[in-house]
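Labels run A, B, C and D following the written order; every chain starts at residue 1.
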């Protein structure tokens, strides 16, 4: 996979944004490989993702900002430049259920997820063996009722020390405090085992079973201060029937959770997700 | 399509139910074509649908009960015998949106729905033309704010006079009173344009758009006294993305609503749906 | 829906295409609303769809070509400019099965398909009533075995006289001659009732039933000289089981066919489909 | 999971089959938990799966046949009795691609697949590490062009010696000889990475990419003497678009293959699959 440069832009929707950005890339000798954009009518926001070939591009990444400033200011852009060759550092948090963890580690090793995993954090020692099999460091940080804050501080220290770029809650069964979450805006990805906003909170499969729905779902989203309410990245569903027991729901759900979470992580790693308000655009 | 007899049974889950029912049918010279059943562990309820060939069966439908009584009593059964040749009478209620109505009428004429439609009731005259095209009587019963009760009484009178078997709310935008609903237990089918229990109430597509979900859904259910809370018969979803405007959601949703409602109506007509608690078993 | 201009471009993949097109639109005071593109690595082809707001654009549609020529020549573009306000003329060909016809006419009247339908052509008189209901002219052109050529000549004359833009085969059960097809490159849309390339040719549901597949499909494609081999526009599938008889397959299939064909027609009408080799890009 | 007895029956479709079987179970004091059946009109075949609680059943498994003989003979039944507590022995054959292998081993350890795995056979040493992680023996049997027969004989010896019940080809890239296949009727499950019967043979994703389909699929089937032509157990598809490269197809396909193969294996282990002609009934 050759390296590409990815420019992410959001700004008020005005004439000339595409032309100015495309022209900037062209003048500096970059070749646009993909360009996606979305004009959100409600918020009058324009969102754009431009992927270009940096071979021949006459600006080094650290020079880009200085030269792009004129364009950015003219259109009041918020922007970010990423290199596909940079492997972001992902820390996985997990409790006892290991299906999402095992799936992420398998995909990581097989090359699907172009990120590094400095370590896994868990409040239980159960998943040490699989971490070792994949050669990933495993940190157990127990979370006792009275010392939640202390545990979060330990996690924070580890994460910061590793300069991790984002966190993935791969069925981490502890609710993080707002204080903790605020450190990682748009940088914590959770998997919730329901089709949100249906069945918020605990035991969603039990809720779904009791309600008698005909499909069950899973939702990956960025974590915000309100439980299960952050911007949705991806969702999917699978059909169930009266023949499915609660155990069958859990089993079918696990397959969903793995796929939905891994898509969200891949898109995040590939810089494909832009936020506007409480929603996401995924430039697939 | 040759005529078949359908026996629907629910009773406490005990040994010998299948054997006794199958034996009864066999002793009276019926040939079982399909037999479906479900044992619900939570409620210890046993549900069963037996479809048999009445050719050669030595009991007339009106004699069945007298002979079956011994079996029914022994197992404390609630039961019902239906003939596939009987065409139930379905009254459709509709407001202005005509997609579900048009779809039901088309399927009815093409032979997919083995029922009769004595008339359509609407609170608006808008859909008269399509009713006429399909040769179905169309009754306009306006619903003014102050005279809701009066309108419901008119509907009730019409429905009872026609000896209708069940009602379908094909995007009927009036909320029916509990008093009205109580007349038709498990006999009113509604289509709600969301994946229930997400987005209960008004304007679910607007709610879905605002929340930023990645799939939208539709749900058909029996109407009970609590809004959008009745037993779910069928659900389905379709994928959306940021490229879909609210209008696109409405358009994609219409295709869902048609398919989901028509499945529910067909299963109801074919005596495939059994209730247990607030859930349905659909013996497909 | 306000009018937009749509520029469709295909050319060899070289640096500066996006910038030059975006810059051209901008210099003439157009506002780009959407821009989609695809670089096909295999064929080194670059495909692009730019939708811009013509309000304020300082070139009339008939002047566009003269001014755009320099850009087009420099990049060896094949290009086309369309106005969303132009309603293309669609002729529907149908035999006896009416589900796709009824669906297209319903969607047309409800505003989903922004085209005009000068008339419907059929080799049977059966579907006259529904055409009349929707106020569309209905031409019966019988196709006898010995006079296929004559029938096609009549169709050709009608279509040309009406200056139709494209044809839709809504379950038209006659195979068109190569001679006829050649008159309408990328301008005949067919619905085939299987998941192509599985089950080419006659009676695909029978073939699917015999093979014991677990899903059945439908495929809409442009018609080329090789039967069922043209560029695929859209496909979808639905799950079946051993409980589904051949009749059930036909019924489930009808729902698929309607949805798949109507998507293809809508995308065609909205100028969203570009061909490259024997494949399509659909810029949704 | 408590033990259940599963009786699988196929016989000509005649009156009294359900009654006789249900009565037999009841007379011997078994409690029917589930009963599924299918009458195939084309072949006049009746297929049945009865799952009953053996607690209190007054026949030991090895006595069952002697007592059931009268019923079986009367209806010309082919039948089989299985115990859910019996863990069939599954041998996995794999080449280099490890995604299906890793998925099966994970599911096996997590309890989803109630079978034993005496060993894995591969023509490459590549997947030894994952086998070791899961504590499964790994046999490398190289297949050289000139010594295919010899390799198959080695496999046969290993499989027979272990008294394996069935084989799973988890992306095993060697075509097995008819001679080998004949030893295992309905006892070899393969995963083919296309929506069969489309794209039979080698490199189906390449074929799909070249054809420009809009969905890709995977198919699990029993292996017979004709390549990719055996009875289909399960299929599924996933949507692709022009944005997906050939590599993306492979990646999306891997997720499909894992899910489709694991469903087939689970149903096989649970004695849910009956064959009739070249088709399967899956009593889910």
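In this section, contacts are C-beta pairs under 8 Å (C-beta built on N, C-alpha and C of every residue); 3 or more make two chains touch, one makes a residue touch a chain.
If you're wondering where the values come from, they're calculated on a predicted model, not measured in any experiment.
In the contact between chain A and chain B, the residue numbers used by both copies make up over half of all numbers at that interface. For chain D, the chain with the farthest CA centroid is C. Annotation: 37 Å between the Cα-based centres of chain A and chain D. A straight line joining the Cα centres of chain C and chain D is 41 Å long.
Touching of two or more other chains is recorded for residues 243 of chain C.
Interface residues of chain B, counted against chain D in their complex, comprise 14-20, 22-23, 25-27, 29-37, 39, 239.
Chain C makes touch with chain B in their complex at residues 98-99, 102, 106, 110, 112, 129-130, 133, 243, 251, 255, 259, 284. Of all residues in chain D, those touching chain C in their complex are 38, 40-41, 195-199, 211-215, 217, 231-237, 241-243, 245, 278-282.
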